[in-house]
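First chain written, first letter: the chains are A, B, C and D, and each begins at residue 1.
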Amino acid sequence: MTRTFQTAHHAGKLTTLAQAVRRLVHDGDTLYAAGFTHLIPFAAGHEIIRQGRRDLTLARATPDLIYDQLIAAGCARKVIFSYAGNPGVGSLHALRRAIEAGHIEWEEYSHFGLITRLAAGAAGLPFLPMNPTGADDLPRANPHYRSVTDPYSGRQVTVLPALKPDVAILHVQRADPQGNAHLWGIVGEQKEAAFAAERVILTAEEIVPPEVIRSDPNRTLIPGLVVDAVCHVPHCAHPSYAQGYYDRDNDFYLGWDAISRDPKGLAAWLEEWVFDVCDRQAYWEKLGPQVHARLALAPAWSEPVNYGRCSAAAEDREARS
Amino acid sequence: MTRTFQTAHHAGKLTTLAQAVRRLVHDGDTLYAAGFTHLIPFAAGHEIIRQGRRDLTLARATPDLIYDQLIAAGCARKVIFSYAGNPGVGSLHALRRAIEAGHIEWEEYSHFGLITRLAAGAAGLPFLPMNPTGADDLPRANPHYRSVTDPYSGRQVTVLPALKPDVAILHVQRADPQGNAHLWGIVGEQKEAAFAAERVILTAEEIVPPEVIRSDPNRTLIPGLVVDAVCHVPHCAHPSYAQGYYDRDNDFYLGWDAISRDPKGLAAWLEEWVFDVCDRQAYWEKLGPQVHARLALAPAWSEPVNYGRCSAAAEDREARS
Amino acid sequence: MSAPACTPAELMVVNAARLLREGDVVLVGVGLPNLACNLARRLHAPGLVMVYEAGVIGAQPERLPLSIGDPCLAVGALSICSMYELFAHYLQRGLISVGFVGGAQIDRYGNLNATVIGDYRRPKVRLPGSGGSMEIAAWADRVYMMAPHRRRRFPARCDFITSAGFLDGRSSRRARRLRGGGPAAVVTDLALLEPDAQGELTLVALHPGVTIEQVQAQTGWPLQVAEDLRTTQPPTREELETLRALDPQGVYLG
Amino acid sequence: MSAPACTPAELMVVNAARLLREGDVVLVGVGLPNLACNLARRLHAPGLVMVYEAGVIGAQPERLPLSIGDPCLAVGALSICSMYELFAHYLQRGLISVGFVGGAQIDRYGNLNATVIGDYRRPKVRLPGSGGSMEIAAWADRVYMMAPHRRRRFPARCDFITSAGFLDGRSSRRARRLRGGGPAAVVTDLALLEPDAQGELTLVALHPGVTIEQVQAQTGWPLQVAEDLRTTQPPTREELETLRALDPQGVYLG
């Protein structure tokens, strides 16, 4: 029940993504590679494929292309999800084939059901309630859905048990070497995944000095306390995106439909874009300047806020310096 | 069960604090004037005293001086709390006298117990669980503490029922005229109070154009959707504080101990600082330049973040403008 | 003057947009519902608030989002919250006035199937699954659906109920004490269906040129027809021009 | 060379600081615990992380905070979260290694009373109440308490148990399956008490110049004495100088 964590004074948790995956992702683990459409850690998925992990249980609200690829590469024993589609496009064909052929186990929720499980895990609770939805076919098919009697009204509420992944992988925009991380844009279930998991790998577009993080503590959704490894991986999320850094590659998502429909095409794609590529930098370069240009963004800066500093302390500081 | 809300296109919800209190705070209401040490809406408390509200149920994790004053002024029938002290100083003497003399009802929780009630209210749930703490005297004294059996392990968990205040009052640093509000620094239970309450009065240090809010949507903890009235009340929080705007008046908190020990002194204080003062501006001026100087802050700005704008859309925008 | 020609998708989107009201807080899906909301915002409901289940409130997308988590939804939004907060604080708490849901089957009582065709454990066709539609259908004040009117999409009973319409009729939904009002309308490319007093989807309006028989032929149960059966107004030029500007490449409008 | 003179508060804070370890994540209260943490950070535990129940993680206060919600805690902190998240994600989840709790009474089994003296419904003295101490005492890995050693503060049994020590002994706490380890030490101005194998607070160290009899006289139960009873090291000059610089006006140190 006790969770181990690194001390904050630790010299830093910076490592390569390859080393982090080697050390922290094991065969048979339950993995939560988080991010609702945004900040999906594709580079980490590819590294897991390259290292040949097996029998993973892949949990994500939206398996997205990252789990379609892991399933196609034979890394998964089971998938836990609430929406197994290519958003706005159609099916995740590798996942769908695996389910229809009975080649993979699956456990299914609604979005709120799955996120409730993660929230319970993050909160250290055995379960959390949600109001009943009237749609009983899924709760009947999945024995994790249960009921308790509300002791105040006597009515039934639905409950779901905590999900505590063995390892979560989270991509963020900027983090310090201890893993204190600023995220913005769509935050999805990132925070809950970070607190629910036993181990956390953090990948970041930028590694920044702690002073940047400390200049805006309300932006720190993930504290270094829960992070085991910090990896500097620019463009980690492609074809997903990092708000303010590069756009979502919608063309890629549209094009994936044809690739994943055809097992041979998919295998060739994995060969070319995962196995024949040593790391994310090589992958990004391989995408080429046209793709880079298509995904480039114009700036849109937030209005800063003032945290203030009490004058006496500020004077004191100045006197000392 | 359905909550009414204003439309976002509403011409704006700006009004004076006096009008907002007149319209939205009624005798007998359960009030949650939120803010954990930070952003406590003292100006609203004073307005409620001036308007002579009666039989209020005052709910707050930390009643703080704001409820000590409301109780001393005879506005309250009951207090709901989890820590009834003057933080770092000692007792809230008006509240303590009222309880010891049996002049007021009270309902007591631990911090997490009370915040759990508010979180359940915000989430539209009938209750939320918390793990048992082993300290049973308070749960025995307060029948709202109940147990349910965890259907997964068979063990007991503690549950607490939703708290849905009739009205919440929230002070924020900046808001647009619709009540979309940016908060930073300690955020306490502000968000949960805003979503749990049936009606919300928002007071703000600054009213800003919607573009400022929209430049950083991750900073918007309270959406205008749940806000009924927006009041521009600079220095609303004194002797509490607004991070980045003015410091906490610790001297005032220390000095309150002597004032509130003596019922006559307290009555005189209310006369001088509440009844004889027409509004917050007059109160702030009455505090005088020495206090203003003592509470002034040196700037400490956050590092801004880039939300980015897809190049095509940005070009499109420029072409049109 | 004849009405301008339009595609079936355009016909559905225009009719769905007309159902949206000023001030509605709409949980938007991608594709056609997104277009309907944006159309309504530009015409009769400028104060409509678009909410996305990814946790975005008051989005003002500069381009057509492909997914409900597109970066253009975050830029310039009023607020962004976590997914848990979106479902708990907005939907379960009761702040969402309109939800759109979609799937492969809609049945007589407005129940929806987005999960499987065939047996759940041995599916003939595995569909993406609920996403947020289980909760949206339960807790939004009004629920709208859009679907091409084909017999296989409108069976008497769904193979699997992903999200609740009126279940076996209004009384069965009422017994479940769900906060939302359930399906308010189904917009197809042939007609508008609305639940009657028993919660059965009933033909209330035909699109111009469509007959009752055509609709019945594409519906898997004996369709009740409203006494005051209407014909929908054809899309106006303004509606179509505004709509087409939202999807200039015709990704969704065909 | 004799040890420098110090106040009882200084003696307690220095001894409490010595119990803190590098890397500890400490849920700090105001007053003496705050001083103990800051002292430890400046001496042997620079990586100690200070967490405040208001929702502040990794505070670096530039001045002595009067309350646990002081603005100086927010400026330059590592992270700020809501109160719900602080209690749920940090404390209940199990990220807090050390908690400080305080109150009016500490009993034989390390239970704490911060609620009332006398009857709950007709209190002789109404105290502020639990705040977060009910949860801190249950879920932090190690719990420390500081209190002046007076007989009325150390009764055999608390009038009201605000937060759990070992209840009626270690086995009774164990039966409740609380995640935290319970009281690890009580630091007073006379001595250090630690729980024995049964969870009973036992005299393990005397401050210099204090006798067992003096401690027993101020303790409301027959005090067990550890076989290896120690004498604490007097505060060093470095400890005292560093400490006094933290509270130059002597607000808490007297």
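In this section, contacts are C-beta pairs under 8 Å (C-beta built on N, C-alpha and C of every residue); 3 or more make two chains touch, one makes a residue touch a chain.
Since this is a predicted model, take the numbers as computed values, not measurements.
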Pair joined by the larger number of C-beta contacts - A-D, A-C: A-C
Inter-centroid spacing, chain B versus chain A (mean Cα positions, whole Å): 34
Centre-to-centre distance between chain D and chain A (centres being mean Cα positions), rounded to whole Å: 38
Centroid spacing, where centroids are CA-atom means, of chain A and chain C in whole angstrom: 30
Chain C and chain D: spacing of chain centres that average the CA atoms, whole Å: 58
Junction residues of chain A, two or more chains touched: 124-125, 130-131, 155, 184-185, 187, 191, 215, 218, 243, 247, 300, 307-310
Per-residue multi-chain contacts in chain C, two or more chains: 56, 71, 74-76, 80, 88, 92, 139, 179
All pairs of touching chains, each written as two labels joined by a dash: A-B, A-C, A-D, B-C, B-D
Complex contact set, residues of chain C against chain B: 22-23, 25, 46-49, 56-58, 60, 62-63, 71-72, 74-80, 88-89, 92-95, 139, 141, 179
Residues on chain A engaged by chain D in the complex (per definition of touch): 1-3, 5-10, 122-125, 180, 191, 195, 210, 213-215, 217-218, 220-221, 223-226, 307-310, 312-313, 316-317
Chain A to chain B touching residues, read off their complex: 124-131, 146-153, 155, 157, 159, 161, 173, 182-185, 187, 212, 215-216, 218-219, 243-247, 293, 296-311, 314
Touching residues (chain side chain D, partner chain B) in the complex: 30-31, 53-56, 65-71, 73-76, 80-84, 87-88, 91-92, 111, 115, 120-135, 137-139, 160-164, 167, 173, 176-179
Of all residues in chain A, those that touch chain C in their complex: 36-38, 61-62, 81-85, 87-89, 91-92, 96, 99-100, 102, 108-113, 115-116, 118-119, 130-138, 141, 155, 184-192, 241, 243, 247-248, 250, 253-254, 300
